[in-house]
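The structures come next, written out as structure tokens.
Shared between the two complexes below is subunit A, which has subunit B as its partner in the first and subunit C in the second.
After this line comes the complex of A and B, so read on.
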């Protein structure tokens, strides 16, 4: 059984929680409060992850830290070929978006953590960086839609690339960044929300179901 | 500058349990940068350009930019030894303090914002409840508030019609008393103590003082933070961010009786900070 160390309000933990639910992998959750008590800095948690960062999973003794590595681990183990790519160009593309998600975390996420009181940052710099990345992602998705693709990778099934980027995009308004200028991003957010076993977190709301005949 | 009533209030600036001992910390209260230090059991200091009065109460450090004219409101239940008492969350929200308090007093949003926890469709009706503004105790009180809740607390196994009492003993603090699922003669107490950072930004501290002999602190915190996190985007999308006190500014419905009383009470106190005063 997987033990999942997480904070309910952490967007990087949300990416992992989404995949656990979509794969229907059972787990027990262990709450590590990042703010205000900073339970992640306690020796008890540092013994699990010396970097004192969330999320972390412990899969029967295999400890993996960080959203991207956990997503790779879970998807490669439970759903290779769907949630995780196995062919060469797709592997590189997934890695591209996992890296992009880290950059979203450092800009969009940093703005949100600043506004939430978690961690002060250089807000104008975070907004500038966020705008550049969101604009690029919106353009990528617009072209993808023109090619008939719904997801970040040109695959019929969504991948961990989508789940890694989604939390940052859907919570950007908590960092004072509007999604208004990014219509393709907004449509993609709705598609992610309509996936089977989708799960909300505080700050994320369900979307209307697709129109049925 | 805050109005004199607001400046003379006690306001919370941090939870003691979340504050490192002996290390100066910074925060902002009413647009004023404050440095404070928790020295140890029951003692703290705070200063802006000069030393500020400090109170430690209900697990929080409180201070005031003016001269507090009254002691802090009383929560007798806090002294009961079998209760779980701690700060469940300190959340920054881009909204005025009175908007945050008013949201805490509102039941009608439960089924839509806290779906499956504090409410669920089709149980959307806010039944008739009583509101009283006590001049003697200087507080607004709403009683007989009843609402069906799928998961009233971490101690609950199933949904129940829950009875609430709301008490607003301070312009920026509110307390709710909620029927306990484990002892029907007693009530859980949850307080929201709002620290106005500016007129349109707050840190909201949430006190739990509850009867729950089976959940650990982390479970209770996660429950409260989940609920609070759901409110945050709703609050941040309210416009104007300051609370309009003119009765014609927003159209209340019957479920808003406690909000109307709260707004009148703020008006009568002459509060102008974080609100749009009636013309």
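After this line comes the complex of A and C, so read on.
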């Protein structure tokens, strides 16, 4: 059984929680409150992850820390052909978006942690970086749609690339970054929300079910 | 930049079924959604109850449901049809959201802030190639001369451009290619996209006059 160290408001934990639910992998939650108590800095948690960061999973003794490595671990183990890529270009493409998600966390996420968790950051720099990344992602998805693709990778099934980026995009307005200039990102958010076993978190709302003919 | 004139506010394909599009025109936020019967609603982006943006609401096909307390508004009239806190009573007829005129034409969705503008006059074909919209953090007045000097990449056909003034500090370039070549549409879209993104860089670095 997996033990999942998480915080209810952490967007990186949300990415992992989404995949756990979509894969229907059983787990037990262990909540480590980031704000305001900063329980992640306690020796008890540092013994599990010396970086003192969430998310972390402990899969019967295999400890993995960080959203991207956990997504890779879970998807490669439980859904290699669908949620995780196995062929060469797709592996590189997944890695591209996992890296991009880290950059979103450092800009969009930093702005959100600044506004809601009082984590000091250079807000104008975070917004400038966020705009650059969100514009690139929006353009990528617009051209994906033009080619009949719904997801970040040109595959019929979504991948961990989508789940890694989604939390940052859907929570960006909590960091004072409007999604209004990014229509393709908003449509993609609707599509993610309609995936089976999708789960909300505070600040994330469901969309209407798809039209049935 | 008249409130009485038609402005493009979205591309037709921005309105897939069961989606609510978040638009902005001349500082006015709009919730734009296509009902299941194809009718396009352009409403003030604000629930009459608590003021929450309707663009985060649910497009349920014939009604838009507010995310906050579930007030429902009917397609076409924007009249409130149901208030969950008062399940017994029909909402008063006067509870209706503000609606704006709409035309779907040339692959674009057009609206105006004041009602009853004259019919939209363009000489475009019905189904041109619609470029990706480019949102710019610079006023329309800065973008206008840059677009006038736009040199189509690859000596291709020159697109027709419309500038959607989102507010006094930002705008959106919406371009259409009237007679696209029979093949290579994707490559053409990418060429114009790259050129317009470069134009945006110039516009955003230029101080407002």
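Keep in mind that, in the parts below, the second predicted complex is superposed on the first by the 212 of 213 C-alpha atoms of A that agree within 3 Å, B and C clash if a C-alpha of one lies under 4 Å from a C-alpha of the other, contacts with A are read in each partner's own complex, and residues count from 1 in each chain.
In this section, a residue touches a chain if its C-beta (ideal position, glycine included) is under 8 Å from a C-beta of that chain, and two chains touch if they have at least 3 such contacts.
Owing to the predicted nature of the structure, the values given are computational and were not obtained by experimental measurement.
Judged by the touch definition given at the top, the superposed model places A:203 against subunit B, while subunit C stays out of reach.
In the overlay built on the shared chain, the residue A:102 is in contact with neither subunit B nor subunit C. In the superposition on chain A, A:116 makes contact with subunit B only, not with subunit C. Within the superposed three-chain model, A:59 lies out of touch with both subunit B and subunit C [touch as defined at top]. Shared-chain residue A:31: touches subunit B; no touch with subunit C. Within subunit A, the residues touched by subunit B in the first complex and by subunit C in the second are 205. Interface residues of subunit A facing subunit C in the complex, by the touch rule stated above, are 131, 139, 142-143, 145-147, 179-183, 186-187, 190, 205-211. The touching residues of subunit A, counted against subunit B in their complex, run 8-9, 30-31, 33, 35-39, 115-117, 173-174, 176, 201-203, 205. Contacts from subunit C toward subunit A in the complex involve residues 10-11, 13-14, 16-19, 21-24, 29, 36, 56, 58-61, 65, 67, 132-133, 135, 137, 170, 172, 186, 189-190, 193, 197.
Subunit B contributes residues 14-15, 17-18, 87, 89-92, 94, 203, 218-219, 221-222, 225-230, 232-233, 236 to its touches with subunit A in the complex.
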